[in-house]
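By letter and in written order, the chains are A, B, C, D, E and F; residue numbering begins at 1 in each of them.
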Amino acid sequence: MKLITAVIKPFKVDDVKDALKATGIVGMTVGEVRGFGRQGGHTETYRGAEYKIDFVPKVQIELVVDDGAVDSAVDTIKAAASTGKIGDGKIWVVSVDRLIRIRTGEEGAEAI
Amino acid sequence: MRKHAALKYALGGLVGAALPALLVTGSAFAAEVDPIVALGEATNLLWVVIGAVLVVFMQAGFALVETGFTQRKNAAEVMSTNFAIFGLGFVGFLFIGFPLAFGGFSYSAFGLATPMNGDGLPAVGGDMTGLLYWGYDHLGSAASPALLGFFLYMVAFMDTVATIPTGSMAERWKWRSFVIWGLFCGAFYYPLFAAWTWGGGWLAKSWDTMDLGAGYVDFAGSGVVHAVGGAAALAGAIVLGPRIGKFGPDGKPRAIPGHNIPMAMLGCFVLLFGWFGFNAASTFAVTDIQFATVAANTAIAAAVGAVIAMYYITFRTGKPDPGMMVNGMLAGLVAITAPCAFVSPWAAAAIGAIAAVLAIESVLFIERRGVDDPVGAIAVHGVCGTFGVLAVGLFANGVYGAGWNGAVDNAGEAIAVKGLFYGEVGQLGAQALGAIVIWTVIFGFAFGFFKIQNKLTKGGIRSTEDDETSGLDIPEMGVAAYAD
Amino acid sequence: MRKHAALKYALGGLVGAALPALLVTGSAFAAEVDPIVALGEATNLLWVVIGAVLVVFMQAGFALVETGFTQRKNAAEVMSTNFAIFGLGFVGFLFIGFPLAFGGFSYSAFGLATPMNGDGLPAVGGDMTGLLYWGYDHLGSAASPALLGFFLYMVAFMDTVATIPTGSMAERWKWRSFVIWGLFCGAFYYPLFAAWTWGGGWLAKSWDTMDLGAGYVDFAGSGVVHAVGGAAALAGAIVLGPRIGKFGPDGKPRAIPGHNIPMAMLGCFVLLFGWFGFNAASTFAVTDIQFATVAANTAIAAAVGAVIAMYYITFRTGKPDPGMMVNGMLAGLVAITAPCAFVSPWAAAAIGAIAAVLAIESVLFIERRGVDDPVGAIAVHGVCGTFGVLAVGLFANGVYGAGWNGAVDNAGEAIAVKGLFYGEVGQLGAQALGAIVIWTVIFGFAFGFFKIQNKLTKGGIRSTEDDETSGLDIPEMGVAAYAD
Amino acid sequence: MRKHAALKYALGGLVGAALPALLVTGSAFAAEVDPIVALGEATNLLWVVIGAVLVVFMQAGFALVETGFTQRKNAAEVMSTNFAIFGLGFVGFLFIGFPLAFGGFSYSAFGLATPMNGDGLPAVGGDMTGLLYWGYDHLGSAASPALLGFFLYMVAFMDTVATIPTGSMAERWKWRSFVIWGLFCGAFYYPLFAAWTWGGGWLAKSWDTMDLGAGYVDFAGSGVVHAVGGAAALAGAIVLGPRIGKFGPDGKPRAIPGHNIPMAMLGCFVLLFGWFGFNAASTFAVTDIQFATVAANTAIAAAVGAVIAMYYITFRTGKPDPGMMVNGMLAGLVAITAPCAFVSPWAAAAIGAIAAVLAIESVLFIERRGVDDPVGAIAVHGVCGTFGVLAVGLFANGVYGAGWNGAVDNAGEAIAVKGLFYGEVGQLGAQALGAIVIWTVIFGFAFGFFKIQNKLTKGGIRSTEDDETSGLDIPEMGVAAYAD
Amino acid sequence: MKLITAVIKPFKVDDVKDALKATGIVGMTVGEVRGFGRQGGHTETYRGAEYKIDFVPKVQIELVVDDGAVDSAVDTIKAAASTGKIGDGKIWVVSVDRLIRIRTGEEGAEAI
Amino acid sequence: MKLITAVIKPFKVDDVKDALKATGIVGMTVGEVRGFGRQGGHTETYRGAEYKIDFVPKVQIELVVDDGAVDSAVDTIKAAASTGKIGDGKIWVVSVDRLIRIRTGEEGAEAI
């Protein structure tokens, strides 16, 4: 089982969610984050003093999927989150040792 | 003389020049009082009370502006200082400041020729009396409605002064030290300059003693309230020093954006609203219809101040910084407060425009000098308040206010309030004198207070580094501004 | 008698004692009316309308305080109850409550000696008339401006009562059940006690029937509005039971911090602002200049209440809890509402101080008894309102209000409103009687209402557990308070 | 004729019909003026100023409603447009719009029979004068308090118009383009229809020229202010097009929930509060006690509007959507604005109820037509404002306002303002004419302005896609609404 | 060493924290997230237009524990977070290569 | 490739970001979290009733780096985030199977 983490542009969340849903993904968890990267890094002035805005708002999506579903999920996210402009974000994949559904105690693939 | 004498002149008279000024003598009108005069007096008193209520509401405006312009982690604390100051200053003024400035105790030391009597009106030929006798009549059953209406208006003005330093000293001031400031301001700090000017003291009399125009003239308090508050704001900010992280290792100021811009803008609207009470009700009388001119001038200066600030900051830094738009409107309001009754609308527009530029440049200048003022209180109230004081000496057109401070020339003719642009130089002298006194004596008074308090307080009046970095809300107030 | 008779006495008269009280008879002044009286009446009516507008604005204050002191997940719902209650109570009062209390229907059942006529003034020698005739004149083209101004002031007071339980019952009350409360309060709940006191009913007459001072005296409604509202707040909170998680397994109360402290403090400022209309405009007349005393006393009690609350809660728990500072100011305001016109400023300060301590102790006490009141409405309005009622019987100095409720002694002399501390015990009796009636009959009325409604409502008037834990915003309102 | 003539009729007269209307001639009363008249005039002027202050405060209400109903990422920008518009419109009106509509320049082009003189009163038999002479007297030292009070009231009304499109055009409007709208609205857009109606122009005279009732009657501006503002709001929303994502690929509208519902509800309360100044002070006189009827009708329409909206949207979509409750109250307020002085309370309730349903259906209809109005400004101000204009022609009961616009019949008798339900059809004709003019000429004026501006502006007046998707706060204002 | 991530219902946070504390867990990190899953997915109307609420508020708990403590921690969370109703959430476990305490620089088990 | 997660004190974010930037790190993602640990755990009273504040505000930084860059990144964070006082936070490292740049589809080291 793998944990896919995607950091994307906020206004793409619904598109990505709908696209994943269409491929049969039934669960994911998202959070508000701020991203530092090639995009961003401009200077603004507030009340006359300068400050750097290094972070831009991003949304982080985490979903645990079966090993076999990783590629399709990654591709789906890639397609749905892409605008072709700098700052579209990253996807990374990490191995998961165990997954448990709290309600039922089911483990592994059944728990997804 | 204005503010206290206003009760006699405004409440008592002006209802048709032909009628004698009669006193409001109790809660019902005595049968022998001319009903028109009685109705006029009652209506005038209503205006004073409505004005006071509007000024009280300005506390909400200050609270919103200061909290919105500071950081989320201190929001409950900053809001609470602005909340608590209302009561703290009030209590200090109720029990000490008001009797001191306007009661029996004050008349030799502070400038009243005669003490106020139980009716809240200067007694004619009153005897020497002590603080505990005449001075506390406003607390007893002999206190007249007129005296209490006057007290309410005055206490609301005092609270404005008290709340100004909570802005410049925000985010690094110990609660317990702040509390003492509140009491001190109501009891001693505000009453001093108020007595010297509105209390009929030596600055009011400078037309006589120094031949300066009509003496120091400050219609609703650009100086008495705002510059005096701004002086304390500067003194306090210096004593506290800048917030951690405000200045980079290179000494260059860094922006610490406010945590809630809409909140600050709402606060500015509330201030604009309340300011009409602050300025227009300072006629102390409906029968002095100059209140309408005052209201219009106030709005004009505010509107022009906001617009010019928008253009000027865009020109300076490229974008219409909301913080500076707010400061621009407030700058216009502060600056028009002294001259609002004496100038033409075109001059109100000019004063608003100049004040806006002045406020922006002052914010930048003060910051460059290493003083950290999170909300711009020093620039807006201190600098623009001072400009407002001087503006009377520049723009006053002489139409209104002849005989202010009781000023008469050798021929016994009332002296007009006229500025440099209308050919008189004396008035500007009186105004400059007032401004100098604020920035020497009064500033020194505040600076001394904060310095001594800092010495006497264990660990000083500044929050610990830990509290400051983690935010004052939990350590000081026990609760975060925004739970979860 | 006060509130309705006020139209006759206040709007009609007082403009110089020598002048006869004349009626405002239409939208333009009849030629034969003395112009001074006409102007006085018009100015008095203006004050009533301005007062009403200020009281209407208090709805915003309640909304902010209650929403700020509750949880984020319910913020849209709590705000919406406070918003909707304005209209719901209003509609109930417009069509039922007002005619009932002040219309033709009321005069036998509720205490008016005579029904109001189309001019909004008690008809002299009016005949027996029904609800649909005289009672609805305020809706038709014969309704005079004076009647409508009076209606507006009364409806605003009613809405204050209606909104008090939305605080104590917040975060676990079904929207549909709440809606019925709003209509019920405007139509029946508020009018009852109002008719017995301000409507000239049996409590107002207790000077005559029971020899109690000047009868039940409640200048602006510590009892009629606040304690009555607080009684409903207690009844509702008991019927609903505490929020899930409010009490630990050990039965000890747990704090559920409000989600937005600055919002609550802003609300308190708005209430302070509006309260000047609530109290000072209750003179119903500019020509009764006691309004200035009332305004000052109101401010004094609020300021002292806030300061004492700050010190007292710091002494009790170590920190100047913003929630308690807010409650302290409100406690002072609630408590001064009945006595504001009758007491000296020193007494206003004392009342504010006592109320603040009372409010804090009551919050703690009520919570220890297992009643969950998220915002402290029961303590502030119920307890301090009751204290305010009694305070009249303790602190009234006898200077103002002689002949209140039409009270005269055997010699035909007007009976003064005088408290225990000024040597009279009868007034305290009348006040105690009023307080007892509120906490027996009126509380019972509210408790019965909520109990029966709870029975009749499918699933009861309390939200489902799921809705409560996840927050009421989405299930009840369809939208979260704060999107993303 | 009303608004400008009001100064003569209202400030000058009505204090007892037997007294001659005298002019306020300066800042102090001339000795020969009857003191009652002088006091009446001063009190009337006070009411105008208080009314203006309340209307100015409505800016805060609009700012809160619009910001609360839009997205977090644009909150600083939306708030700032509502803040800046106050000054921008003001400056345009101060220097161009006011002289144009009410100054010397206007009287032939805009409908004043005579120019205003320095006292702010139509000069009797004044000569032909130019914009720069009489027109700018309001800026000079000859400007009377009465003229300036009148200016203040008028400028506040103008700013309401200016701020309406900031709602419908929110979240996708370039700051620089918005700024130009503000100046344009104050200088040209608002003054045009105002001159045709309140300025005594051809619509006001339609009683004479077209035999339509008492001519176009609009007490406080359902049409002159709200529908005119709503027309601009529609024009602007069309020119900008919908926000990205507002309509799905299927063309169906998608909800974009506001980011702060409590903020929007607070704004609605502020608007309700200010609206009493908007409507009730439009009597321009305390001595015209119809202000009390106006205030009550205003409250009734608001309350009923909110309640009916709650029930209607629950019926329509299942839940009492807070957004629609707010719109319902505002709909009632907008609709009652024109008829408030002319209708009975029952009619005020009916108007509020109809307006609420109308607003909800209009929101849905407008959206279905592909126009994106984030806050419902077109429905509330445009549609319900138009309904309010027509409501005069339907519900006016003929009790008040005979001789409006100076309307007299052939016998020289004053023509009553009477609607269809009271048997007259002419008034409805005048109202319909006004409504048609707004939705043709005035809408065309606005549409043309935005179209041309869109052409002339590099890249158009709409924000770039990048700015819109990431939020306007940083790119336009340089600071986020909510830091961290 | 393992990183346990649990996505739970917000009102269960204190219960879970207290339960973990009772088992001797001395550290964890929590964040606000929104979850998409079997629960949720209802349609609301706002100002007359429909919108789907696909995400429900959740809280994400992350804690790094020694390999031996994983089972007990997972069981504790499962027990404390469970309501038996849909949407109770998930727990997943990932292997951690290194753990460092910033203050002291300690690594591994000591750093927990 | 490794995912480094650091939980630090909020006011240290800029220092850490700047320090990482100085070592050539070009991307990271940060989020607001609350931490439970040795620090914190005091009792406050609100409206007279007690409540425990177990959680203190923290910021969580996530960055994916090449295997070779892990040590330097960890050391940099450690140095920049440290105040020497309790509550400075933790750093943990997890192995990443894949990393993808959404915009370009690049994978692995190029995607960083």
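Note that contacts are C-beta pairs under 8 Å (C-beta built on N, C-alpha and C of every residue); 3 or more make two chains touch, one makes a residue touch a chain.
Keep in mind that what you see is a predicted model, and the values were worked out from it rather than measured.
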| item | value |
| --- | --- |
| Shortest walk length in steps over touching chains, chain B through to chain C | 1 |
| Any chain in contact with chain B as well as chain F | A, C |
| Interface sides of chain A and chain E: same vs different residues, half threshold | different |
| Contact-richer chain pair (by C-beta pairs counted) among A-D and E-F | E-F |
| Approximate Å spacing (C-alpha centroids) for the pair chain A, chain C | 54 |
| Shared-contact residues (touching 2 or more other chains) in chain B | 36, 39, 43, 50, 257-258, 317-319, 321, 323, 478-479, 484 |
| Chain A, residues touching no fewer than two other chains | 31-32, 44-46, 94-95 |
| Graph class of chain-chain contacts, one of line, ring, star, complete, other | other |
| Full enumeration of touching chain pairs | A-B, A-D, A-E, A-F, B-C, B-D, B-F, C-D, C-E, C-F, D-E, E-F |
| Residue ranges of chain B in contact with chain A within the complex | 252-258, 313, 316-319, 321, 323-324, 327, 360, 363-364, 367, 376 |
| Residues on chain D engaged by chain A in the complex (per definition of touch) | 73, 245, 469-470, 474, 478-479 |
| Touch list for chain C against partner chain D, complex | 24, 27-31, 33-36, 38-39, 41-43, 45-46, 48-50, 52-53, 56-57, 59-60, 63-64, 67, 75-76, 79-80, 82-84, 86-88, 90-91, 94, 138-141, 143-146, 148-149, 151-152, 155, 175, 179, 263, 476-484 |
| Residues of chain A touching chain F in the complex | 2, 5-8, 31-38, 54-55, 58, 60, 70, 74, 77-78, 81-95 |
| Chain E-facing residues of chain A, complex | 1, 3, 17, 26-32, 62, 64, 94-103, 105, 111 |
